[in-house]
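Look for subunit A in each of the two complexes below; its partner is subunit B in the first and subunit C in the second.
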Partner chain A sequence: MLAYVIRRLFAVAMMLMVVTLTTFVIFFVLPKWAGSDPAYLFAGKQTDPAAIEGIRQKLGLSDPVLVQFWNFLQGLVAGREYTNGADVTKCPAPCFGYSFRTEQEVWPQLTEAIPVTLSLAAGACVLWVVGGVAAGVVSALRRGTLWDRAAMTVALAGVSLPIYFTGLIALAVFSYQLDWISGEYAPVEEDPAQWFQTLLLPWITLALLYAAMYARLTRATMLEIMGEDYIRTARAKGLKERVVIGRHAMRSTWTPVLTLLGLDLGALLGGAVLTESTYSLPGLGRLAIDSIEGKDLPLILGVTLIAALFICVANLVVDLLYAVVDPRVRIG
Partner chain B sequence: MTAPLHGTSAEPDAPADVTATAAGKQVEGRSLGRIAWSRLKRDRLALAGGIVVIFLVLIAVFAPLIVSLFGHPPNQFHQDKINPLFGTPYGSFGGISSEHLLGVEPNNGRDVFSRIVYGARISLLVAFLSAMVAVLIGTVLGIVAGYFGGWVDSLISRVMDMLLAFPQLLFIICLVSVLPNNLLGMTGSTVRITILVAVIGFFGWPYIGRIVRGQTLSLREKEYIEAARSLGAGRRYVLFKELLPNLVAPITVYTTLMIPTNILTEAALSYLGAGVRPPTASWGQMLSKAVDSYEADPTFMVVPGMAIFVTVLAFNLFGDGVRDALDPKGTR
Partner chain C sequence: MNSLGSTGRASVESAPGEVAAAGSPPPTAFLEVRDLRVHFPTDDGLVKSVDGLSFRLEKGRTLGIVGESGSGKSVTSLGIMGLHTAGQYGRRKAQISGEVWLDGRELLAADPDEVRRLRGREMAMIFQDPLSALHPYYTIGRQIVEAYRVHHDTDKKSARKRAIELLDRVGIPQPDQRVDSYPHEFSGGMRQRAMIAMALVNNPELLIADEPTTALDVTVQAQILDLIRDLQKEFGSAVIVITHDLGVVAELADDILVMYGGRCVERGPAEQIFYEPQHPYTWGLLGSMPRIDRDQTERLIPVKGSPPSLINLPEGCAFHPRCPYADVPKGHVTRTVRPELQQVVSGHFSACHLPQEQRTRIWTEEIAPRL
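And now, the complex of A and B:
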């Protein structure tokens, strides 16, 4: 078990290295190949050649990419200093770089945005797993009834609806017409009521899409499992139907649900980007879009790395959960 | 999906056919394609989806003709249809009239119907082409990984795992925003479409690659492959004449189910401003414009949203039908 976790943590570290390197290549090699200069992107509207040369010196943009990459990794662990002659900018660890566009360090901006996205993701995740699995189980047990057909129709529609469309409709109805929701996002420790109020619609919007997928998957799995021999055995032993479903059938139903969950948590940031920009939530997704629009490279790199870290950790947790949920899985 | 989708015509078909042969009809060998088609014909929802899909493809292909008959040029401004005080269209429901079938755009009065029709072109073109890119890469690498095994398999599998764990939407937006508007001698919307196709296709191939690899792994141990080899068949013959035909079913299923996902991705990218550039019309871009005016003119939000919804739903219905029809375990 311990050896497995260590091996996986090593894989996570490798994965993060690859993501960092890829992002580096996208922003520092691709533009050069396509004929533009990263220093210009950093400089923004400034076109003074001396200023651009200064930025290039300070950020070390003339160094080979691998050297820049190494400096970046060092900065993450030990912090770093950007120097251009007398002009020195300190950046304490973990240094994700220094946005020359907003003249701010990247790390504090990230720490401000992470709780927003985590709140959004956690709330939506609970909603969709509970809602989707429950709807799927009930549909499977009452196969062919009106409930089953209604639930599966709603689920199919839910899978086909883009988040930004449902989000806009929800905003138009609940925020504009009915005026139920107002005000800006507030952190949970400052104003829990406001936090809940501003997140409720985003939760439902984001969860609807995923709940639909989970309902469909759970229903299909449950139907397959209810035909297995061990379910017949359990019934033949005289176990109550509640126990047969709750103890025997449900345990194997969780396995494919968890597999999908591992993949979806990876894709979740995509959903968060769309949800946050529709509802103007100041989270990682919003930060990503703003930084991409402003071509703020250090910020983009930071967001991407944090996102990749979340994905890796989520996948690790899911893999460990397999062993808890499914008695046939032993991790060694 | 763990169900083996590879069909051989020797698989037992639905019980209905067994009774039919028992009744004295001549036993007839049917190909997988014919079995699937006869099942698909009985699935009304899937047929409805298929008809809508064909209809949409025709709209996209004949867009200029349709617009010249029922609409106005997609980039023609109609300021006389706009209330200069509020920027909203005159008339109810976003200015729907016999002249403007789906109303006009707020502020500049462009014909929404024409823009929706032209938007279908972008949507379907990007979705189909990127699915083809993904299928091509995924099939080739999946077969190679599954058939040759060893370090080739490890390498390809690791790359697939890595790509699946990437924050994809973020990377796609980064790539699209970093790449220039003139590339390899192409200009204008051709560049954007090419970039979109390449990027969406590239991030889509691991999904198909994993399925193909898994199928190849189980197929390569089958007796008929062994027989072909012992008869002296070359490697290429085994791969493309023996293996590939048996992979057609799962590849078809995942292609049809990948297209709606690609439509949603393209729309999401356009919504976030990373898709085709205006004035070229696309559905996602129309929705993002509607964000500014949905309170005063909800029609302009509902129309492109419904266009995306109906298209994706139709593809999903059709894709589900194809999957059920090609599933040898299915009884329908």
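And now, the complex of A and C:
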């Protein structure tokens, strides 16, 4: 088990290196090949030649690419200073870059946005897994009944409807009509009630998209498992039906659910971006959109790296959970 | 009752008239099945998997139920265990009638929760494929401990001790370590041993083994059969061994019941079935039985044709489309009238229109010499 964890951690580290290198190449090297000056891009809307020259010096854009990459990595680990003669811009570790356009370090902007997105993703995830699995189990056990058909119809709708549709409808009904949600997002440690209130609709909107899929998957899996020989064995032991389902059948249902979760957590950021912009949540998704709109390249780079980290860690967690759930995985 | 005293045989000796009809007073036999019918409504029609089966079995004795695949053997055993009614989510309910008496209690009409409490404690089952019958995500030990603790109010530690003790008893080496293994870490034979340990953990008085060796290779088969026989002697329980291969029950069963198309076509003491069988289908089963005392290359004589549809069972004798003697009984009664079980000698019954002398002659002159 330990060897497996170490191997996976190593794979994650490698993955992050590759992502960092790719992003670096896209922002620092490709523009040169395309004939444009990265310094212009990093400067954003500034056009003053002296300022651009300053940025070029500070970023060391005239250095060889490998040196630049090394400096970038070093900045991540140990922080760095952007110097142009006497003009020094400090960027402490972990230095994800510096927005010359907004004259802000990238990392503080990220640290402000990350908890928002994590709150959104984690809450929605709990909601859709619990809700989806529960609905799926009940549907399977009540197969063919009105409940089953209704739940599966809702599930189909949930899968098919895009976030900006359900999101906007929810927003229109609950926020504008019923006035349930008011005010700005507040961090959980500052105002838990406000945090919860502003996140509830986004959670539901985001969860609805996924819950449907989980309900369908759980239902199908459950129906298959109920026909397994080991379920019959469980009954032959004299176990109560509640235990047969709750322990023996559920145990096997988690495996495919976790597999799907692994895939979804990776793609979740996409859904979070749309949800955040629909509900004006100051998370990574909105930061990404803002940075793209403002052509704030260092910020885009930072968001990309954090997104990659998010996906890698999510997948790692799911793989580890998977090894816990399925004893046959451990050896491999 | 009846011939029990006279022959010393406790099980399948009664004719339809002898196994009491449904509704009569409780039997004295340990297990008595009366006119069991298990029918499944399907889109294609009513599948009559078991259609009027009666037999009895005493403690300390072994009954072999033999028949081709699809003849209703598993459905019979699940019917006794009450497993057709548990967990039929959204599926059409099986129609079950008849009586199953276990130790003076009738199970089919009993409260399902009462039957559940008997399952695993008084009656336990071993299934054909131990890999699929064991939960892949739980250790062997945990599954045995669970089986024990459903019916015993003990802590996990003593239940675990009991599990190790049983694993040891069924011949699993280093049981105190293997108890923490997962089913996929066991070989097929070891898995079946573990399954047997799980079934025996509560000292059941009735043990049903449904094709316990079919999924195993030949050498392991013999070991498992030996184990079942030893345990049967040790625990003194009533045992039903279900198989499609007469060879499996040859040395195990005291009595044998031959099933065809959901019904009993012949039953009696094992030596009678092997040495004086009185039904053409049993002859066919004997002919298709691999025998170690013969040259392996010698051709088996299989029963020709395929098993009957349980939705539209052939009229008259259900075996007639495949029976080489279908035209021997006068007046084609074989195709119109269903033969009832008739006593041949005490405790030996057969359902065939052929006159008994004729059957005996065909067996001794035509069939036996070719086996």
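Everything that follows uses one rule, which is that the second predicted complex is superposed on the first by the 319 of 332 C-alpha atoms of A that agree within 3 Å, B and C clash if a C-alpha of one lies under 4 Å from a C-alpha of the other, contacts with A are read in each partner's own complex, and residues count from 1 in each chain.
Note that a residue touches a chain if its C-beta (ideal position, glycine included) is under 8 Å from a C-beta of that chain, and two chains touch if they have at least 3 such contacts.
Since the structure is predicted, the reported quantities are computational estimates derived from the model, not experimental observations.
> Under the stated touch criterion, which partner chain does A:230 make contact with: subunit B (first), subunit C (second), both, or neither?
In the superposition, A:230 touches subunit C alone.
> In the overlay, work out which of subunit B or subunit C sits against more residues of subunit A.
Of subunit B and subunit C, the partner in contact with more residues of subunit A is B.
> Touching A:162, do we find subunit B (first), subunit C (second), both, or neither?
A:162 sits against subunit B, while subunit C stays out of touch.
> With the two complexes superposed on chain A, say which partner A:293 touches: subunit B (first), subunit C (second), both, or neither.
The answer is first: A:293 touches subunit B but not subunit C.
> Between subunit B (first) and subunit C (second), which does A:81 come into contact with in this model arrangement: first, second, both, or neither?
Neither partner.
> Is A:312 touching anything from subunit B or subunit C once the two structures are fitted on A? First, second, both or neither.
The first partner, subunit B, only.
> Quick check for you: in the superposed arrangement, does A:240 touch first (subunit B), second (subunit C), both or neither?
second
> For subunit C, which residues count as touching subunit A in their complex?
Subunit C residues touching subunit A: 78, 81, 83, 86-87, 89-91, 116-121, 124-125, 127, 129, 132-139, 146-147, 150-151, 182, 184, 198.
> Please give the residue numbers of subunit A that touch subunit C in the complex, ascending.
For subunit A paired with subunit C, touching residues are 140-145, 148, 226, 228-241, 244-245, 248, 251-252, 255, 325-328.
> Using the touch definition from the top, list the residues of subunit B that touch subunit A in their complex.
162, 164-171, 173-175, 177-180, 183, 260, 264, 267-268, 271-274, 284, 287-288, 290-291, 294-295, 298, 301-302, 305, 308-309, 312-313, 316-317, 320
> Within their complex, state which residues of subunit A touch subunit B.
15, 18-19, 22-23, 26-27, 30-31, 34-36, 156-157, 159-165, 168-169, 171-172, 176, 263, 266-267, 269-270, 273-274, 277-278, 288-289, 292-293, 295, 300, 303-304, 307-308, 311-312, 315
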